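Sharing a structure with you now.
Think of it as A, B and C in the order they're written, each chain with its own count starting at 1.
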Amino acid sequence: MDFKLLKTLCQIHAPSGNEVAMKEFILNYVEVNASKWKTKPEVIFGDKFQDCVMLKFGTPRTAIFAHMDSIGFTVRYNDQLVAIGGPKAETGYKLVGEDSMGPIECELLEDDGNLYYKFPRGIDRGTELVFKCDFREDDEYIQSCYMDNRLGVFNALKVAETLEDGVIAFGCWEEHGGGAVPYLAKHMYEQWGVKQALISDITWVTEGVPHGEGVAISMRDRNIPRRSYIQKIIKIAEESGIDFQLEVEGAGSSDGRELQLSPYPFDWCFVGAPEDHVHSPDEKVHKHDIDCMIALYKVLMERL
Amino acid sequence: MDFKLLKTLCQIHAPSGNEVAMKEFILNYVEVNASKWKTKPEVIFGDKFQDCVMLKFGTPRTAIFAHMDSIGFTVRYNDQLVAIGGPKAETGYKLVGEDSMGPIECELLEDDGNLYYKFPRGIDRGTELVFKCDFREDDEYIQSCYMDNRLGVFNALKVAETLEDGVIAFGCWEEHGGGAVPYLAKHMYEQWGVKQALISDITWVTEGVPHGEGVAISMRDRNIPRRSYIQKIIKIAEESGIDFQLEVEGAGSSDGRELQLSPYPFDWCFVGAPEDHVHSPDEKVHKHDIDCMIALYKVLMERL
Amino acid sequence: MDFKLLKTLCQIHAPSGNEVAMKEFILNYVEVNASKWKTKPEVIFGDKFQDCVMLKFGTPRTAIFAHMDSIGFTVRYNDQLVAIGGPKAETGYKLVGEDSMGPIECELLEDDGNLYYKFPRGIDRGTELVFKCDFREDDEYIQSCYMDNRLGVFNALKVAETLEDGVIAFGCWEEHGGGAVPYLAKHMYEQWGVKQALISDITWVTEGVPHGEGVAISMRDRNIPRRSYIQKIIKIAEESGIDFQLEVEGAGSSDGRELQLSPYPFDWCFVGAPEDHVHSPDEKVHKHDIDCMIALYKVLMERL
């Protein structure tokens, strides 16, 4: 598989709350590529959806949620930083951004839980800094910042190529408490009757879910989805012959949480490749798990 | 009072996220018994309500929320367990469940906050285990796992016998962060204009709310309901002559939290018998408090 | 500026969940004063809005949210107190309230995190106590309990005098987890298409936001609003010539949180004067910051 698109996605500046660049990239990508897709989707965006984008294919039964935003840092006062989402923070990490005085490439400094930047000049209050992208690919692995969740977006765009019936929702704020999923869910449910969802996102390599053994189907994390829906998905996965792994966690969360708590009766399931070095500049995913993720999504969107 | 129905309810496997068995029991119970009730309710359920059930009697003004789900444990990797809700976890507790290899009765092992099962064979990943039911009844008390909230369900089914106008909503996920109340509230409010609620659930025996002195009316827990509604309920309770106790807590939560946070203007009040040994296999409730709970609900549903 | 109205507001008993007295004060104030305002608003309140009040001026594009409720304490059992919201609690603070036996003025007692009252007689279970108001004004500062958020309400009522198009929403429960904003947002969005909001509330004096240097525009707190909206507001503020300060925090929250999480696509921004001695009986705000707050709201409501 060609990962140029993924590399491009990983470099786009779009921390939670400022997903405009991702929105514009996706809108442009769809405009350029949708004519080659099996089904041309309706593209839904605009002020009523803030910076989100939805692609509606045919008569949708199931929605893919892929969040566009990333973790990062906001400049506070003096040289202080405040986290956006839950980034790993180690002294020496390279951060990039831009303020009124121009582009910034600086270094992160962690001291007893407090975060600072090292840069020759002061940076404007409120400036967002994100990890500098160092995209690495070998025969087996891809490693980069923001595999979470640009790989989830990549997956959705790959699935889009052959999708006949379904919705793909590119959302905002997932890394920082949410805010977009409820109104996306509202629209899908009220306009199209959609109440099944797949969360296209990246999970953790753990003792139970190693690299290279297939895409993870999460039976639960901090939240517990409806069991009958999970069982349906597992059954389809088993019949597909695609490698997958069952995940069971007590912590961690996703767009699924917001669907769970929304006033719409959504069934949801997190299905995604596992990564190592979570929320660091070095998120690492096995290529086989990416292949399985895309393959399983194609099957699920057909059969659910 | 005959507690056979309560005993049956306490034995039904329905941890948060998998309330199907409770749903089916209730649907069947209503089918068999509703003809003897004063008013035959409309039974509302199906995919738009996941595994929830609503009974609509006459022209409802007030809804009873009784959650069907219980706390429990999910099998993680190896012999590890992850909590469903907030169960008390002591080594030696008996747990039951079922996986692809058949029925399971095993033992809980708690070690420094980590949870494990003891069983001769490995248990399928994602299997749910719940407390084994040991239902005990004497002249004064009932003791069993899952009085919280099968007693709340029992109360609702007793109130159903004579209810003329009202809704009873049997909900899901209460023990594990919620997820059903918002869409149930939406339906009630939009379809029937209902915006008054009673939370039929079980609370704690404390220094201020002892066994045997009547049903507890909670003036607040972690959440604070609208005071004017609570005062209305207290006034009706005072006039009824039924034993009740006022509860004031800074912690604890219920379906009321989800009503409070929903985009519908619900007034809600937790009214329930207090129990000892909360969230353990030995939840203990005084029979007089159960009598008072049922009696007060009947009055409240008439007068609110 | 004359601060008599603010003084009156600071003395009104309206802890979270019991905002009736504030509601009635505002309804009466509007009835008496609206004839002198540039635009006479439609006054929206009643059971569908619990104890909230909305004023609709002309054709609204933007809503001001000003919460009416305050922090305080609930009497638990014996002489124990439970917090309403997050009040500062120091032994010796004067508290006032009323129960079935009459008015109460007592003293707070803090012992190792536990809270008690000192009063010659027992106080009814569930009674609410609030800080006794000691309103102090000098040339530069106002100091009193409940500047948060009676000053936010004061600001909204001042802005009302000349407002042509806009909504002012006086809400409930902000200090204690929320509950009103979602249905207020629902109404505004569905009925009037409003999806821009300003949070009229009081923030913290910090190393980055001192007294007397103008109203604070919060770029983020615990929640991160949409950046493009914040930038629009900053641009208008810059062009206005009114003193303002940019705030960046990782903690703290407001009505904005509930807008963020609601199923409506609201853009929101916290704009408010900073105070010292937060959540104590001695909240202190610089008069220049109050002037700037009112002035900036007038401009923003016109230009947004």
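Here is the rule we use: contacts are C-beta pairs under 8 Å (C-beta built on N, C-alpha and C of every residue); 3 or more make two chains touch, one makes a residue touch a chain.
As the structure is a computational prediction, the values presented were derived from the model and not from experiment.
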{"item": "Equivalent interface positions on chain A and chain C, same or different at half", "value": "different"}
{"item": "Rotation in the CA alignment of chain B with chain C, degrees, nearest 5", "value": "120"}
{"item": "Distance between the centres, which are taken as Cα means, of chain C and chain A, whole angstrom", "value": "36"}
{"item": "Junction residues of chain A, two or more chains touched", "value": "262-264"}
{"item": "Chain C to chain B touching residues, read off their complex", "value": "16-18, 20, 47-51, 74-78, 82-84, 125-126, 128, 172-173, 176-180, 182-183, 185-186, 262-263"}
{"item": "Residues on chain A engaged by chain B in the complex (per definition of touch)", "value": "195, 206-208, 219-220, 222-228, 230, 246, 248-250, 260-265, 267"}
